[in-house]
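Across the two complexes that follow, chain A remains constant while its partner is chain B and subsequently chain C.
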Partner chain A sequence: MILRGRAAMEFKKLINTGIEKVKSNYKEGKFSPFFAILLAIGIGLLIGLIVMMFSNIGESIPAFFTLTFGGLTELGDVLYKSIPILMTGLSVGLAFKMKLFNIGAVGQYTMGMFFALVVGFYVELPTGLHTLVAIMAAFVGGALWGFIPGLLKAFFNVNEVIATIMLNYIGMYLVDMWIKGSGKMFDFAATRTKILPQSVQLMKIGSSTSLNIAIVIGILIAITLHIVLNKTKFGYELLATGFNKDASNYAGINYKKNTIITMALAGGIAGLGGAFAILAPSIIANNSMTYEPINVLANNGFMGIAVALLANSNPLGIIFSAFFVSYIQKGGSLVHGGFSYKPEIADVIISTIIYVSAFSVIISKSVGDFLKKRKERKANPSGSSDIKEE
Partner chain B sequence: MGNYIIEMLNITKRFPGIIANDSINLQLKKGEIHALLGENGAGKSTLMSVLFGLYQPEEGEIRKNGQKVQINNPNDANNLGIGMVHQHFKLVEVFSVLENIILGVEPSKRGFVDYKEARVKVNEIIKKYNFGLDADELIANISVGKQQKVEILKMLYRDNEILIFDEPTAVLTPQEIDELMEIMKSFAKDGKSILFITHKLNEIKEVADRCTVLQKGKYKGTVDVKTTSVEELTKMMVGRDINLVINKEEFKGNKSKLLEVNDLVVHSATKGKDAVDNVSFFVNKGEIVCIAGIEGNGQSELIQAITGLSKASSGSILLNGIDITKFNVRNKTVTGLSHIPEDRHKYGLVLEYTLANNIVLQRYWQPRFQNKGFLKKDEINSYAEELVEKYDVRSGKGINTITRSMSGGNQQKAIIAREIEKDFSILIAAQPTRGLDVGAIEFIHKQIVEVRDEGKGVLLMSLELDEVMNLSDRILVMYEGKIVGDLDPKKVTIEELGLYMSGAKNDFKGASSDGV
Partner chain C sequence: MDILYFIIQQTLPVAIPLMIVALAGMFSEKSGTVNIALESIMMIGAFFGVLTFSIVMKLNINQQLIVIIGMIISGVFGLLFSLLLAYAAINMKSDQTIIGTAMNMLVPALILLVSKMFFGGDGVYNPEASVYILEVPLLSKIPLLGDLFFKKTYITVYIGLAIYIVATIFLNKTKFGLRMRACGEHPQAADSVGVNVKKMRYLGVMMSGLLAGVGGFFYAIGVTNSGINGYNGVAGYGFLAIAVMIFGQWKSSKVFFAALFFAFMQILGTSARLIPGLRELNLPSVYYTMLPYVVTLIVLMFTSKSSKAPKAAGQIYDVSKR
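Showing the complex of A and B:
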């Protein structure tokens, strides 16, 4: 509870400073990165609308409204589906603070899910404790899949992008192989994992959706990461290394150790995402989430990259970007249900937003310049300052 | 308006929170050598950026031969005949002299580069000014002094008539500096106009006709160099009297050995050879030992091996009798090593961090600043405030300033404050005054002498001969990875030092197998 009190305070402080920043930026005629992201979202939606118009002009306007506002009708589901991408987003974001590009959230997520499944099927424990052990196991599984590329990077300078991509495939094939080979876990008739025992499933919030306690855990982890990054010795070292590797070496910061810890931690967090996805309660009684081993990389892992990029790797920002991505995805699936569009329209929009937000620096500069010029023109209404004669 | 070739009148350039140029006037006559003098942060670079169209001034105008001109980008400047030799050369190492000179303005025939025509012109210029260059030599194979001549040739090839030299002597030996001064004079005689940016007053006295002085973004005036004394120029630049001669007394305390380096070898992968070749020396308590030499003779590699930024191939380093050769950086720090790094942006600072965070960069892990892994922000801030106050580190937002936005001099002051205020027994200072103004240099020299007077040792690596001569108790000259001289600054002359630095003299020849 102490942590919670502290976390809440931190959160409040951050929001307040954020508001102050936006205010002062506006006064100085600057355009804040926050607005740049909003603009990117706007442009992304616009391009989505254009694509929708091209594929079916008649339905495009109502479908676009469903896409952008449909999520509001199913907020519980939006929140529930944001949990896994919140975790993978935090994973990618944390590593990126140290300038490590963790493309491996996919594999780490899958490993975490597998470890949770193993605990779910092979270990018998009372409700609650069972969940806790499964979650911890998932963290270990994910951490292992982050530790390996961390180790390779630290000692052999193997590019983490390549190492993690390779491990994504190794992890996915291994997990699918192991699951298919286990009679206790795999239902051969359904070609999916069996129903998990109720004792290992996460506690539900409300009854109409699968929204569960993991959303609280996820947000708490995001806040904890924010505190770790900004208030602790480890965070100081991690950010220093991310900003300037040479200076951190000069300061005696142990790059190898921190690389391994950061990658393992990032892997563990992505692993939690896998656990939260598979351990979520089903809305149908005596049922559970199941996994189908069909040799496909986990999309939630890749979405983590988008979520982290959209929030500029800021842990608190990632909470909101995870909600947002989930919200648009929900809108996309509703469009698919009610209209002739495919749900991929949501992915087109999200990709466009990420793409445009990559230009957010340029956007914020050009719009900032524009605002400044307009302000100057207002202050100097004659407007002919450049052709003044001496 | 008379015979001014370039005039910058009432130039004002503002940046958020600072006026970099406040109504500055600079009038360059045809055929004169005009010095632009000012401390770091005085606005020299901004003014030059305005002249080259990199910045647009808020107020003021630029005239050429009395006609108002608009310079929007460096190409405009080039078309007006303005050329510049940058402090850091902009040459392609794997290209020949000729290729570098014509780069960007290649004469061509049917799509092919016409080297014949270019070669004739380049050779003409080389001959005219007696540059002693071979147009076909690769840049990588020629000395820094010759590389600078290539930069100068670039301007001449483009028929520039206004030549700007940005701190051109920083990288040269005393002999090369003399040569450059002669070249500049001969250009002026040929009717070219020269703008000479520097903070070395003796050079201004030697070549310049007039001098414009800037101080903290303000125009302090233009004076005739012949009728103005060095002291007056200094006062105009700094705003107060400066004592550049260091008053230091003989150290009277215990002179036992503090740092010992034995047979140190450092292999450099980039150079493909031993950058430090069997070097042995020692530093006593209460002694400033200076490593002198022309840039690139192994000094940097030596410092990096001692401080732990790179690994020594063989040999040993002892501090207070403890073998620290294999220690990591943190353990060296704990054993008593303090390090002012050569490259303050690469190593010395995390530029994205606040000033407060950078002040504790070498001690954030100490119990004073952290408890169970949580940083004590209040303690860090109060310590930073204390140091900022004591060392007069100036910045826009105090200890919360992002270090990147601070001026070079203040960044360096912050590093020096950090390194001197922590516990240590030897200070390793690599080019601590590089690129700083005289005010800051005076301050840093005082600090270094104070460190010595406390009975600590100082190993100073410097390329500035004045600094070497004034500050050190003993001079070690490095040439091609070896120490070629162990000299007493009271007995050796600058010219003699120059001979050691260029490899012409070597006291330790017997010890090395290959001669000069």
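Showing the complex of A and C:
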């Protein structure tokens, strides 16, 4: 419905090749990365169940069902909450393609949100245009926060992991200070930002949920990124650098320039996530999303890492993994409502999934080898597969 | 002069955790495993240390002794938790940064979950703890030194310095330490002369976990007044410790001064109103809170070009490359 023309073709092709791959792998007794991810998810859920059993055995089974299937009852909400992590996921994923680990999505997200807030409160524009300008500003804010570590990496060889972590803290403290210092943005009584004008809020889709136009923009950006990575010179250079930095440099690819561009672009995309989160319309009339500056790092930024890793940094896969992570988070908050558990159970499961997915390829390979051997043994019951001499 | 005393008295309890955790990072990296998970191991150490503290405190024994008990427990849990990294990095050959990040995400969630469910808050606290040492008997009477190092301090400062000395000797002077370092520089060469690379790397990560756990507990004692919560954790001290290690160029002597420098930057914020010159500037305290992170970035800019990092740190040991 949203996908038309070339993008749809690309999408279909990708899914078809994926299915083909899984089929052929299964026939050969090999396990694909897709199975590895499923395995990681399975183990993550299992660990979640064990943690739940340890903390409260009586409620654990029904609560686990709510956790895993509860999200189905509120799919609109799941989809809406997947938008910000879709953006941070794309940000982390893009940098990953160049073997850069952008933990800075946290700070870039916060910066983007702040820039959107500034445009929301300080600029007066007609509806629609106002939103557009705010979104663009968020991109600039996030890009700035990605540009700095990119520059440091390219020219000073500063490890981007440490640099972006430091910038996460700096960004968080700066934004919280700026917001608290602005009477136009900060509601001192509520210790939150004031209510944004309607003109800057994103267009709603449907009436019952908070689902908004950002989901369409987000998916379009994911598809664009997929095309940029696979069909353009820049994308080719980026991937080549990711595979082998020295070889690509030797081949004349400008490593420094591409590092800076990639980090700035990744930052900008994470910044959009911040904008989409804060500009989302509220279900309550004459209301809006607000932000509470309490010096806590943005969790949506960290979730981007999970989203990107689950999809193996594939932009189209990230659409689905963002939805999945949002789904588990929804389950976590539902469990919090009905049982004695807390929503953090979802974070426990998600971080376990990341942990396991980092080596699940090896596990699934060994499982595959095991199954293959067993198959061979069945076909050849004498036990040894050596060539027999008669 | 009083201001100088005050700043040094304040700096040491902050510098010690940074120093120990930077050493923890060194143990891991020198044996060949990058440990981004220091932050979460610190949190584990702090959590179990403070928890032990609040349980043992009911027994009415000397509180300084309880600190030592808490320290042991925090070290043990830090070590156990670091096995997650060791297993994934050494046995399963995974990307160490990803594993570290996953661990860093897991711990705050676990602490929040457990604390909210069982302790009715977002962390564990020990408001009745009084481990602050006003003055050490006898030693505080020494002129100058007594005022500088033996008044208004914590026992963690002395234990921390002892740990620093032992760890430095271990890394640089013992056969075992040198073998461990060989595994981070050139594992193939180490293997060819009969060093068990896998075992050494395991030990390196476990030592790292032990030290980081203790460092986390010392952070809770010296910085947050015997408390830890899941939202703030250890405020990025694990990452700052990595920066201390890089700034110290992976050398224990330099790490000592790097930790003091970073701790001083941290203290500057809380004591800015007492220092003439800074008092007149009247900057918001947030600027000082941000200072260590900004300084880290600037310091890394100047030290990263000629990195003295162990050559094989972060690389998976592959026997076939020998």
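What we mean here is this: the second predicted complex is superposed on the first by the 374 of 390 C-alpha atoms of A that agree within 3 Å, B and C clash if a C-alpha of one lies under 4 Å from a C-alpha of the other, contacts with A are read in each partner's own complex, and residues count from 1 in each chain.
Methods note: a contact is a pair of C-beta atoms (placed from the backbone, for glycine too) under 8 Å apart; a residue touches a chain by one contact, two chains touch by 3 or more.
Every value quoted in this text rests on a predicted model; they were computed, and no experiment measured them.
Of the two partner chains, chain C is the only one that A:I162 touches; chain B does not reach it. Touch criterion met: A:E344 reaches chain C, while chain B stays clear of it. By the touch criterion defined above, A:V51 reaches chain C but does not reach chain B.
Contacts of A:K233 after superposition on the shared chain: chain B is touched, whereas chain C is not.
With both structures placed on the common chain, the touch criterion links A:F370 to neither chain B nor chain C.
Which of chain B and chain C touches more residues of chain A is settled by the count: it is C. When the two structures are aligned on the shared chain, A:F65 is found in touch with neither chain B nor chain C. Of the two partner chains, neither chain B nor chain C is touched by A:Y122. In the superposition on chain A, no residue of chain A contacts both chain B and chain C. On the chain C side of its complex with chain A, the touching residues are 36, 84, 88, 92-95, 97-99, 101-103, 105-106, 108-110, 112-114, 116-118, 230-232, 236, 239, 242-243, 246, 284, 286, 289-290, 293-294, 296-297, 300-302, 304-305, 307.
Every residue of chain A that touches chain B in the complex is listed here, in rising order: 28, 231-234, 236, 239-240, 243-244, 246-254, 390.
On the chain A side of its complex with chain C, the touching residues are 51, 55-56, 101, 103, 152, 156-159, 161-163, 165-167, 169-170, 173-174, 176-177, 295-296, 302, 305-306, 309, 340-342, 344-345, 347-348, 350-352, 354-355, 358-359, 362-363. If you check the complex, the residues on chain B that touch chain A are 16, 61, 307, 309, 328-333, 339, 341, 346-353, 357, 361-362, 364-365, 370, 373-375, 377.
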